[in-house]
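Just below sit the structures, each encoded as structure tokens.
Presented sequentially are two complexes of subunit A, the first with subunit B as partner and the second with subunit C.
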Partner chain A sequence: MKKNLVLSSLILVFIMIHGVTMGQKDAMQILQNVDNMLNAPKDQSLTVVTYIVDRRGNESTRELTMLQKGSDKRIVKFLAPADQKGIGFLSLPGDNLTLYMPAYRKTRKVGGHVKNTKFAGTDYTYEDMEAKRYTERYDPELIETNNDNWVLELIPKDGIRTDYTKLHMTIRRSDNYPVKIAYFDKAGVMVKTLESSNIQKTGEYWLARQTKMTDLKTKTSTKMEITNVKFDIGINDDVFTERYLMR
Partner chain B sequence: MVLFLLSISDDMKKLTTFILKHRIAVIVITIILTLISAWELRKIEINSDVTTYLPADDPSVKLFNDISQEYSSSWTAVLILESLEVFTKENLEEISLLSQELQRLEGIDYVVSLTNILDIRTDEFGFEIGRLIDEYELPSTNEELEQLKQYVLGQKLYKHLVSEDSKHTLIVCQISADYDKNSIAREIKDLVKNFDISQKVYFEGIPFQVLSIMDFIVQDLLLLTPLIIIVILIMLYIGFRSFKWVVLPLVTVGIGITWMMALMSFSGIALTPISDALPVVLFAVGSAYGIHVVNAIRLNVPGKENTREALINAVKDISLAVILAGVTTFAGFLSFVFSSYLTIIRDFGIFAAAGVLIILVLSITFIPAWASFFKKFPGKTSESELPELITNPFRNLIIKRPGIILTLSIILSIAAFTGIPKIERKVDILEYFKPSSSLRQSSNIMNKSFGGSLPVMIRISGDVFDPSTLLLANEAATFLESIDGLSNSRSLAEYIMRLNEAMGEGKQIPDSREKIQNLWFMLEGEEMMQQMVNYEMDEVVVYASMKNMDARSMHDIYDKIEYYVKQYPGKMQATGMQAIYSKLGDSMMNNLLQSMLLAFIFVFTTMIFLIGSVKGAIAGFSTLFFSMLMVFGLMGYTGIALDIATLLIAGITIGIGIDYSIHFTTAYKRFISQGATYEEAVSKTLATSGKAIVINVVTIIAGFLVLLFANLIPLQQFGILFSVSMLCAGISALTLLPVLIKIFRVNNKPKKNS
Partner chain C sequence: MKRIFLLLLWLGLQIFGFAQEYGGASDYFGSVLENLNWDGYFYSDDRFGVTSPNKKMMFQEYRLSLKPSVKTRRTAFSSEIWVRSMPGGSITSYTQLSDRKKTFLTDVELREAWFEVYDIFAKGLDLRIGKQRIAWGTADRLNPTDNINPYDLEDIWDFGRHLSSNSAKLTYYKNNFYVSGVFVPAFSPSAAPDMEWMSAFMPEFSMPDEYDFNGINYKLINKSFDDFLLMPDKTIKKSSTMGLRTGLNIGSFNLSASFAHSFDVMPSPSKAHLTDVERVQDKNILSYNLDVELKYPRMNILGFDFAGSLATVGVWGEAALFFPEIIQMAVDMRYMGLNIRVMDSTVIDNKPYLKYVLGLDYTFPHNIYANFQYLHGFFHENGTAGLNDYFVLAADWKVFQEKLKISPFNFCIQVNDWSDLSNEYAWILLPEVTYQPAGGVELTAGARIINGTGSTMFGKLKDKDHVLLKCKISF
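== the complex of A and B ==
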């Protein structure tokens, strides 16, 4: 009797461990596919128009260009409105962020504290804007599967600094594209959602031409529309320098 | 004139006959209306939001409301955290967690605290714009904590967040403009109560004041109303020694108050800290009409063969005086309607007047109808002799030593007159709470450690990106800070200067528009900025904090700021509590004088009608004038200030105090017309109406003293002042008035045509 109990317990434990590892493995594979898909282009050049709607419903527009190489080199320059034209950011590996202010003709390093502050009046924080691989930052778990989508719950890995305690990522099964991400705060309350739409294939790569970040607490939203995109154009490393930023 | 009064008397006889004929209908209709009113009462609302009491069309109030609305700046709920040292790891953890919890509340737009405030730091490599404290890596070693402390205490931007002795820090919650302030204040309090926190928490700011006032209104209603009923029951029982006679006037007033409050609820007027005293005021004031009617019935009906006829005659005799007394009181209350800057005073005036009218009508309809069902009329046998203990010495004094009364009145009047210039004004809502109240404690901390919490604002119009606009904002901030009693000025200029410094160009306003635009890019979207600039970027608001202080000092600050702002016409406008309180103070004085003048006119006219001679009216009026002088003298000498409640004193004293003169004069005239001499008439008047006046004065004083148990100080002081004024009005009607009647020779000979 006792032997049977021990045996059945062992089997149960085995099944459980196995089940969990299987689940994690599948989830990790899905997230890996997302990362691969999102980071597939060697480099990219985008023109983006943002529409920011504040809590009173006022809308403001700005336009920027972005050059990105790999997943950790990025340069952003504002084109419009006129009063922000020329302002630029250079983001390099190792939390290295440089800001350029054309009116001063000076660059300044911007510290790491800035991460959970809003980026240029949008609903994206600097953290949201970071081009980092999800698999490097999160442990995924598959929490829902349906005909069209997988839903992963992403829990930050130990030692990762983030404002969120978890993310729910809805991934389209047909192309591994994350169509929706819900962000949860420390109390486990959903505070923001990021929705991707108008997902098109440009060349070899899938890209959402429209994304919308909604802050559920402040009732503000930021829509980003990609008006122009080029992939794999062979951007030179020289672009990701302060000198280029100041041009 | 006499014909007019006679016609009222005739009409009253007809009315009373009609009422007695349809007495069942009168009683049934009264009961039905009372039941409907009681049902309506459940919908009555309470408005404790002090800012809504001010007239919205006043320029300062309008600007204040506009800025509050556009910049969502004036609705802040502040938590003061007290400990031996703010900068410990445990405290910072608590502040961080509590800030996050508060941020999650639905009605809070955003929270600013030590652990999430925007910070701009500069070093040799560049600058950081971010949070003062990294929420994920709170400083924990003594060295880190000390470093943070020195940095924070050295920065101007954080002076409004941490006290200089680092024993207090604030968590500032910005309330959504469209969210119910009472609910959010309660939610915050509940959250803190359930939060495991080692620091002592004080609650500060208008939302908490509003919540406290709300609780006080409910407490006062629940405590004071039963208390006044008990007091009046006791007083009436001492006077009448009969349960039957006691219940009649009391039930009548109760019904009247129910109708009046139902009317309030029906008109959508909410209860305020002033109108929550209405039940007490109306019980004390309105019971007089019932008492006089009951007294007339009690004295005239028992023993008469034709009870109905006797009842009609008794009501007829007294109703003229009761109606006139009621109408003058009605006029006294109505004097607030035309003269008030504060809507709560106006509402109080309207509904007190309505209440008086209702009780008056009930006293001459419902009381006779009910009394007619009495099978036995308890007569004079059970009457109390107590009032005579007072009226008898008065009679001797009036007849034998009138000079003493006159001299004493003149001396007292002169003494009181010298006290009038000493009267102070109190406008600060904080002063309405008891010194031991937690709101006063938290304000003391704010005054001592944070330079106060009352908002002062200057709005500057102009392109925000234009350096001249920000230079002006900076200048205005420096100016505000230079005024004694003001501190913690803050504006966009301060942030722009710090960022300019970070860009290596010194802590000053940048010299070009483009530079300001570049710097604004860093600040845009920061929630705090919503308070500083408008969406169109053509206005900035400069803020400062003001300490709680007396009305005069606040007025000085108001004058200084107005003078400064006027140098920039079309560019600068100032508002804030200094403006609102100054205007409130001025308006209280105007309000007092206007209501006094209006009440004088109303009541004087009534007196002329009643007495039929200007001399007689002046005689009757002198007693009132004497009472008013006494009250103002008392205010001057005791330091009881003029405030939103005590400014009611003039109108009410005139409206109610005149009743004693009216009752005395009508009775006196009746006896004179019956052929009595001056001495006989005075003796008889003192024995009949005089007695009723004594009972009424004592009842009304006891009633108003109930207000001593009120939570809000102005109501307490109102109770004291009013008791004093009624005492003076009563005594002078019983002493000074007969002396003056003799001096002025008012109707002291029987007239044939009367």
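== the complex of A and C ==
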């Protein structure tokens, strides 16, 4: 009897540990699928119009062009408004961020402090705008499953510099697309949400044509609308250099 | 001349080559016209003095900047034209009112116009020719290594503003490494500020106040002063500026090293002529007119700069080691029946001296940004003993989605002599508020409050406190 009790307990512990491990593995697999889906194109060229809405509902716009190769090289340049035209930034692996200010005709590596500041007056931070793979930055845990979505809690891995203490990512089960991300600050308070909509298949790839970042503290929002997109156009590595950033 | 002709011919062939890539010259120029962009801005700047005796309009500029530019796959053209209206004040008679050049002072200036060809000789090799700004250094507006273009000091508060130079720049890029050579064939001087502000940058020298002649001691009194600015000979050797800069990225840092064969920013007195020497009323007093020759000393400058991130703090630094040409002032007293006499007055020693700047910036919560720099040696200072210390803080708080920028604590402190701080200091407070009522529109109100001792650069301007109103509309 005593032997059976010990055996049963061992089996129960095994099942529990195995279950937890399986849960984590599932979460990691889901996040891996998200990364694979978001970074499926070899490269992409986007033209984006942003609409910034203040708490009174006043709207201002920006237009930018974005080139990305793989999951970790991205270059962004402003096309409008006129006073921001030509400003650009280059995001490379290893938290490597370079800013170009045409008025000074210079590029400069920017400090990590800039990553958590607002990107050109939008509700996105430079960190939000970086090219990245979530699996490299976050440890996921599956916290909710329903018929349509999974919800993952993402905790930054050790050594990752970020102002967010956790993210809640809602992923559409049908295509692994993250339809909503909630961002939490150091006090554990939800401070921003990113919602993706108008998700369409362009060629072989899924893409949200509209995203909306809402700052819950300031009650402002920024909508990004992709007006033009091209995939797998063979963007050269030379594009992701300071030489190109200054052109 | 033959070489220049060959170079122009070769460039023409290159452009022809590009045209062929576009399917012919008409297609190429069609592509150029299709890609022509017209950007620009309107800018107004009004400043009103608030301290006696300068309670008046101190500065006014209305500027229209036009920036036509073209980019094609392998070429680029960029330019900037300023059309400006500046206050006149040169009218002295009723009849001059019909002279529009005197009643409306409009100034048209080609600030930049250059043409660039990418991958010209080989992949990664870019050539840019034309009137261009070559900005070296990584610090924020205070750049000791930025010595290719002359300074534009017309507005001394627009720190770091330079004129463009007619020049050629050839840069080779390979991965995250580059090397760039610059050649400016002809010297052009820095633009000086208005006479009211000039005192801050005027080169200082002293003349003897007495002189022994035939056993009699004469007191010397200066009646008038005039200066003659000697420009370098127009030969390539004597007039050109050239430089080499190389840099690379290591991790999250930019590093670069440079060499420039250039000129000092401000001219130095090299010879003084005493003319119209007269004895005053049979006393042992001689009065004279003073004519001073000024020349631009040659400088060789070795530079190093870096910028990057330590933890989350942005850091940068620049150092420039100057190897100046020695300048000794000679006093010509031939008008007193004497030969030239070289006084023991070395204006610029040929000993090397080091200027440097260290800076850091950080963004605090609530969008508060601070930028601090320590500078040893302002752009016009030279000689180890002539370099002063400057501490500059720029801090702003952006609110309402960056539509309002409040900068109450911008300041600069100058210290000339740490052992005599009470007599050798100056400070400036530069509070500003900037509001963006609409995209591309920027309104700025601010003040510049200056205090300090008369021996310091900014102390010389202490009676020029002013308030300002600026407007910029970009299109």
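Here is the rule we use: the second predicted complex is superposed on the first by the 238 of 247 C-alpha atoms of A that agree within 3 Å, B and C clash if a C-alpha of one lies under 4 Å from a C-alpha of the other, contacts with A are read in each partner's own complex, and residues count from 1 in each chain.
The definition used in the following text is that a residue touches a chain if its C-beta (ideal position, glycine included) is under 8 Å from a C-beta of that chain, and two chains touch if they have at least 3 such contacts.
Bear in mind that the values here come from a model prediction, so they are computed numbers and not experimental data.
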Joint occupancy of subunit A by subunit B and subunit C, clash or fit: clash
Which superposed partner A:121 touches (first subunit B, second subunit C, both, neither): both
Contacts of A:103 with subunit B and subunit C, given as first, second, both or neither: first
Subunit B versus subunit C as contact partner of A:157, first or second or both or neither: neither
Partner chain(s) touched by A:241 [first = subunit B, second = subunit C, both, neither]: second
Touched partner set for A:87, first subunit B, second subunit C, both or neither: first
Subunit B versus subunit C as contact partner of A:173, first or second or both or neither: neither
Partner chain in contact with A:186 - subunit B first, subunit C second, else both or neither: first
First (subunit B), second (subunit C), both or neither touched by A:61: second
Identified clashing stretch of subunit B versus subunit C [38-46, 56-64 or 128-136]: 128-136
Subunit A positions touched by subunit B in one structure and by subunit C in the second: 52, 54, 83, 98, 104, 106-118, 120-122, 161, 218
Residues of subunit A that touch subunit C when the two form their complex: 52, 54, 60-62, 81-83, 85, 94-98, 104-118, 120-122, 161, 218, 220, 238, 241-243, 247
Complex contacts: residues of subunit C adjacent to subunit A: 39-41, 71, 76, 118, 124, 126, 133, 135, 137-138, 141, 171, 173, 175-176, 178, 249, 251-254, 307-316, 361-363, 367, 369, 398, 400-403, 438-440, 442, 472, 474-475
In the complex, subunit A residues that touch subunit B: 52, 54, 56, 58, 78, 83-84, 87, 98-99, 101-104, 106-122, 161, 185-187, 189, 217-218
List of subunit B residues in touch with subunit A within their complex: 100-101, 103-104, 109-110, 118-119, 121, 125-131, 134-136, 465, 502-505, 510, 512, 514-515, 517-522, 524-527, 535
